[in-house]
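So, here's a batch of structures to check.
Here chain A shows up in two complexes: once beside chain B, once beside chain C.
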Partner chain A sequence: MNTSSVIPEEAACISERQDSILTAGKSKKSIHCADDSLAGSVSQRACVFCGARVVLNPVTDAVHLVHGPIGCAAYTWDIRGSLSSGSEMYRNSFSTDMKERDVVFGGEKKLAACIDEIVEKYHPPAIFVYATCVTGMIGDDIVAVCREATRHHNTEVIPVESSGFISGNKVVGYRAAALALLRLITPKEGERVEKTQKLNFLGEYNLSGEMWLARRYLAEMGIEINVAFTGDSTVAALKQAPGACLNLVQCTGSMHWVALQMEKQFDIPFMDVNFFGAENTAESLRKIARFYDDPVITGRTERLIERETARIRPAIERYRQKLTGKRAAIYVGGAYKAIALIRQLRGLGMEIVLTGTQTGKTEEYATISSLLDEGAIVVDDTNPAEIERFLLEKKVDVMAGGVKERVLAYKLGVGFVDHNHDRKECLAGFDGAVNFAREVYISTCSPVWKYLRTPVGGA
Partner chain B sequence: MLDCIPEGPVLHTTGKINPAKTCQPLGAMYAALGIHGCLPHSHGSQGCCAYHRMHLTRHFRDPVLASSSSFTEGASVFGGAANLKTSIKNVFAIYNPEIMAVHTTCLSETIGDDLPNIIKQAEIPEGKTVIHVNTPSYHGSHITGFSGMCKAMVSYLARSDGATKKSQMNVLPGFVNPGDMREIRRIVDLLGVTMIMFPDTSNVLDTPLTSKYQMYPDGGATVAEIRDSGNSEVTLALGSYASHDAAEVLQEKCGVTGIPLKLPIGIKATDDFIMAVKDWFGIEIPASLTLERGQVVDTLIDTHFHYQGKRVAVFGDPDHVIALTEFLLTMGMVPVYILTGTPGRTFEAEITKMLEDAGITGSRVKAEGDLFELQQWIREAPVDLLIGTSYGKYIARAEDVPFVRFGFPILDRAVHPLMPVVGYRGCLRLIEQISNALLERRDRDCLDEDFELVL
Partner chain C sequence: MAPVGHTGIVRQVNENQCQHCMPLGGIIAFRGIAGAMPLVHGSQGCSTYMRLTCVNHFNEPVDIASSSLNEKQTIHGGEANLKKALDNVRRVYAPSVIGILTTCLAETMGEDLDRIKRDYRSGQETGCPEIIPVPTPSYSGSHTEGYWAATRAIIAHYARPTELHRCLNVIVPHISPADLREIRRIFTLMGLEFTLIPDYSLTLDRPFAGRYQKIPEGGTRPEEIAAMPGAPLSIQFGATCPDSLSPGLWLEQEYGVPLITLPLPTGIEATDQLIAVLEKVSGHPRSETLVNERGWLLDAMADAHKHNAEGRAVIYGEPELVYALVRACTENGIAPGVIATGTRTSRLALCLEPLLAVLDERPVFLEDADFAAIETAALRAGTNIAIGHSGGKFFTERHGIPVVRTGFPVHDRIGGQRILSVGYAGTLAFLDRITNTLLEQKHSSYRRLRYEETNRTEIMEGI
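After this line comes the complex of A and B, so read on.
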């Protein structure tokens, strides 16, 4: 039985998905996005719990307790490359391991017992309790259980309302996580947090030590980071967050709303930054220096930028020469990253023929469309059938995406760069720009592809 | 690493920390991929489908496709029937599989979706099939889900054409890698018996790179083959947790005798497998297999001083752990901690008996345990070797124990799914890995004057 290798033209595009695919420069209307996925479409998206978990998991010394059957905790055990300079508590996976009996009679008692045991034996400074599909479905009141536990144990026990089925869009999970974080950092009655000249770095998860890199740059400039949300963070440091004088926001998808709330509640202004790509890094450092409005800081910043840019220029040039004219595709979770990648790949002389995200919003897609050349494809919430078709049609040489896209790209003979949350190399800052260029180069120009494009025995 | 483990024995009695199992739907998805031209379908919210695909892809380093009913709040309140019917329509229209294998998730189970009814009402194109299995995640483990999907394949598809049986056998291989399934097939080919193996993920999840992407790879047991399994004389069910249930149904429904066996890991279990075929079909065992067996025995003697008497901890899926423990005893090692995350009563009984027969006392055997507990045991009384899934690396590093990867999932090393641990060739691989791990440690830790060229 012959199941042909490429899905026929008409079938690759589900008619209901027509509005989620645009061609830059040709489509007049705006893209259909930020909506639920179509049933049966093999979306690459995950769920609300997934969104909440990736935002909160890097809080290093808290216990992260998943209230539900074993699966949700098992799949998210240490899968994010977020690094810690101290406690490793967050790298354990705690689950209430709900069974049939708990589903039928309710899981609140079991949850309370688990929390009691954890507090007694491991004394964490805080416990985050995540709701999952079942516990949301059967109506377990985790808010009440957490409130009682907080009172009883005098330890912060914070509910995260992250039942997976609320939406297929991770962004809803980011909001649940944001609410939990705000609950943690808001000072209690009578508590005061001292105001300092430090800043918070929102939407930075210290993957491969990228937060530490930012801290080094800022230290050289003369500025101190109070805490990142949530890379290499501790409960104590997070509680100092209301004392910062400025919030930097990198991953806007997960943290924009938090920044707005912190501006309202604690009078902390915020600015968008982007440390992916040499120009973006330089721009962001200058923006930060301008905020502090101190000639010493400004001087140091300019010297840092000049030195680093000169240092990496030869390496970037070398890679640009090899990569000029190659065609790239991008499919990532959020628009912020997609936009950063467009700039970086273009800086290496590459042509970007496809860009898509899982969670992008209308304004963000408008920005993306304006950045791309005419004829490039813009897509929202795509699926493997579409990815395959686009990669082949557009003759892509390399794709930037996440784990589910990687294997697909490889099978089609397309190179791949993982810019997702399990990346192993630091891709931020000036050195990160070189690392990224090298990763793109070694995948695009790997000698292995020769064995593919010249088949054995003249097949 | 993981210094948060407190000093002294601390037993946690509720919940799990660092689980040694995952949930049913993943097992069902893996089994479904072993049917040719099948698209597994996850009836629940998208997170489930995404996580299962991700987990399987990371282990096999191959694309894993599955569709989802994409539940949202509406479906959770009003029921998922509409989602499933839409999914079935869309999947056949666009992805055109031969068969859809639907499994439920805790969400759809909790709201009580009546799958047989929904499937009956759905629009299924002529000649296509939809099968289903109920796999709530709050019960059992991924092995239970795998077993359930195998049962469903039999209940839905297997058919007996009459009292006369064909001279062929069925093999239910259990939750093993494609490399294992290939090896089982190779052995049976050498024995000269016609076999229907299902599920069969060889050539589905270990496909070559040809720059053409096939959504439905060439491998997998076809629907026709599974149907024909009802006409076989006998079923060899490998692995009690993964395969016995399906074999029982085959026996009840189609009168195919079921023979329960262990996974053929280790000399004894492989012998048992081959003898079962020999005894039933009266075939001669070819010289090449005898040669392979002889090589294993030869290697065991050649290397026994590398590992004999060493204390070893094993964890993983129950069928794998049971068979491996037997082999470790054959090798002369001393299993002191044996743990699985899957619940079940027979595990502890079977392992305890093996240890008793081998004269080993004082070992800890536990079903439905977790890795936090295992780490505490090791901290209390150390071992010379740890064997288990990738999750064991934290324990290996924190307690500085040599570590051999085995089972599912292995997320931090490649090639494992392509190579067998079953059969005699599998024995050689295991001996190599165990011996090498211990010798590496010796080379790493010994004084300069004890650093030897010949070991």
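After this line comes the complex of A and C, so read on.
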């Protein structure tokens, strides 16, 4: 059977989802997005709790305590591939493991007891306490329990208001995490944080060491990272955050609002950066150098960019030759990543035929549409049925996305690039650009597809 | 009853979970029913997490719908969203049955699923799929209980008074698709007709076909389930299954179908026990294939017994599998140092008691356990091999203990769906994995260890 010619017999789209799908160049209207997921549509989204959990999880020496029945903690245990240079505490999953009795009589006592146990066993510098659906529903006052525990134990016990039902959109959870982070970094009465020439790197989670790579570049330029939000961060380092002179913002979905608040509260200006792809990395480094406005830094920056660009050029060119003309699809969580991927895949000579996100905003989708060739599909909060349809219709060779899309792509004989929380390869910076190109190549051009796409007995 | 050998420490906090939540087990059971689509009544996140967990284990797309409850519905009731979800699932997936698994949120809201279902169905024209609601709040149990509860509910939904026929009921616990296929092969080799439930051997492990089937082919067919009350016998691999959730017991009590409860056939004794029952039921002796497979297993047991004697295992996971693995280990001279399950309402303690009473050294047994407790016990017991799902990797990585991956979920290795551990052939495959893991440890360390032992200055006493 030749699978590439198969077109699904039925239109897979639910009519209410029609406004969430656009064809680039053909439509002037804006996409319907940032709404609640449609019931029964098998959205790829998660929940508020998940959003908060992924943003805070990389705080390495904090205890992350999920207040609710067992599932919420079990499913998010070590959910992100964030790496640590020190404590591994964040890789543990703590749950108050609410049982029926706790739901009936309230879980506050159990929460307090759990905090006591954790403090006694580990003496962590901070405990993040996450609310879940049930604790929100029964009205457990986690703020009061945390306040009392903070006072009693003389350690930071910080509530995260992340009841899952508040929204199916992770972005709402990002805000809950942001509030918790702001609470942590705001100096208490009598505390003072000295201003420095260092910068904070917001929305960088040190997946497979990506923050470390950026730190190496910045060090070469003569700039020091104060603390990243939240990749490889510690509670003590985060408390120094107000001392930075600049905030870089990479994952805008999770950190744009934090940057705004820090500008207001601590007078720290911010700029958007993007370390995915060599061009984006070079642009971002130049932008940072311009902020410092120091000829020495500028000189070092240009030398770094020149050297690294030259170093990776042959490898990228090799992959580009193999990949030119191949067709790619993108479905990721946030728009900043989608935009970076469009640029990178294009740089490898590929055609982008589908781009979608779970949480993009109207203006971000406008940017995406403007970047794509006419006829490419743009989609918000899609589902397996739609992905299947587009992958087949558009004869996609490779897709970039998360775990749930991976198995679907493979079932259709389509290659796949893991651009998810749990990736094991560094995809940022100049080295990451080569790693990325390599990953696109090994999947797109794998010998296995020949067998999967050819009927038994030969073509 | 108090668990045997319990450490006696009562802790409030659960640190690193050994189990998942109840609806997840229900989803797997529904995946074993032909034409079924699971729908989780709760927040969007629940279904996405469970999809992710299943996808990572089975390496298959596993679609799970959600009623995507938000704040408004949480206050005013989720009925409208649930009905809309049912509509949309029908439009896209065209299922013949929709299994609604409730979440802790829906149960706390007090959603009346039976009424909503009646109401929804009465508003439909013909062709409305069957709807089977199963209460599965996370605070009431683990995925193991969810699996049994859903299997029981599915049977109770379809079962009809049926004239006596020859087809046996075969009810399986949560095992791998490869194990399901092996059980099917053994029953077929014995020349028996049977209904296997739930049968997700094809739905959660699909041969490549170039298409993604929204509802994969395979699964126990509704007409087969409907006829289960007419079976001469139910065989349920569920020694640890609590009576209140037991599908086989329900068939016995409601329809008088005699129930034979067997342990999961991993290990020579448990497999012998199964084959003996099947010989009696079929009236045929075992086939030559099975005779040979038993012979190969015995041969391997002899070949490996001295290597296996060095194994001191921490065994954890779902109760039925843990029971089977403990038996397979003790038969082969592998000492269980720690036996643990995250589940708290099984009959595992009762099942283990006679087995453990005769061991030289009594293992630590933990129920309702987390990995913090398992880790402490495993170190104290000096275990050198772990047997269970991928959750164990966090503590074993810290201490250099290898994990022989078995059970669910296996998310850090490929092929969780293909791990075979039942029957003579499966036991042999399991045993080889254990023995080779012990051998790898031995070969990579014995030169150094022998040097250290023979070159130290102090004399060891009491060896």
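By our rule, the second predicted complex is superposed on the first by the 446 of 459 C-alpha atoms of A that agree within 3 Å, B and C clash if a C-alpha of one lies under 4 Å from a C-alpha of the other, contacts with A are read in each partner's own complex, and residues count from 1 in each chain.
Operating definition for what follows: a residue touches a chain if its C-beta (ideal position, glycine included) is under 8 Å from a C-beta of that chain, and two chains touch if they have at least 3 such contacts.
As the structure is a prediction and not an experimental result, all values here were calculated from the model.
S.K.: Sharing chain A, do chain B and chain C clash or fit in the superposition?
M.R.: On the shared chain A, the partners clash.
S.K.: Identify the partner contact of A:97: answer first if only chain B is touched, second if only chain C is, both if each is, neither if none is.
M.R.: both
S.K.: Go through the superposed model and pick first if A:89 touches only chain B, second if only chain C, both, or neither.
M.R.: In the superposition, A:89 contacts chain B only.
S.K.: Just chain B (first), just chain C (second), both, or neither: which does A:47 touch?
M.R.: both
S.K.: Touching A:219, do we find chain B (first), chain C (second), both, or neither?
M.R.: neither
S.K.: Overlap the chain B and chain C contact sets on chain A and report the shared residues.
M.R.: 1, 3, 6, 12, 14, 36-50, 65, 68-77, 91-100, 102-103, 110, 113-114, 117, 133-134, 137-138, 164-168, 384-385, 388, 403-404, 407-408, 410-413, 452-453
S.K.: Any idea which chain B residues touch chain A in the complex?
M.R.: Interface residues on the chain B side: 1-4, 6, 10, 12-19, 21-23, 25-26, 36-37, 41, 44-48, 50-55, 57-58, 61-73, 75-76, 83-84, 86-91, 93-96, 98, 105-107, 110-111, 136-139, 141, 207, 209-216, 222, 341, 372, 391, 394.
S.K.: Write out the stretch or stretches of chain C touching chain A in their complex.
M.R.: These residues of chain C touch chain A: 11-17, 19-24, 39, 42-53, 55-56, 59-61, 63-71, 73-74, 81-82, 84-89, 91-93, 103-105, 108-109, 137-140, 142, 206, 208-212, 214, 342, 370, 391, 394.
S.K.: Could you please specify the touching residues of chain A with respect to chain B in the complex?
M.R.: 1, 3, 5-7, 11-12, 14, 36-50, 65, 68-77, 87-89, 91-100, 102-103, 110, 113-114, 117, 121-122, 132-134, 136-138, 164-168, 384-385, 388, 403-404, 407-408, 410-413, 452-453
S.K.: Tell me, which parts of chain A touch chain C in their complex?
M.R.: 1, 3, 6, 12, 14, 36-50, 65, 68-78, 91-100, 102-103, 110, 113-114, 117-118, 133-134, 137-138, 164-168, 383-385, 388, 403-404, 406-408, 410-413, 452-453
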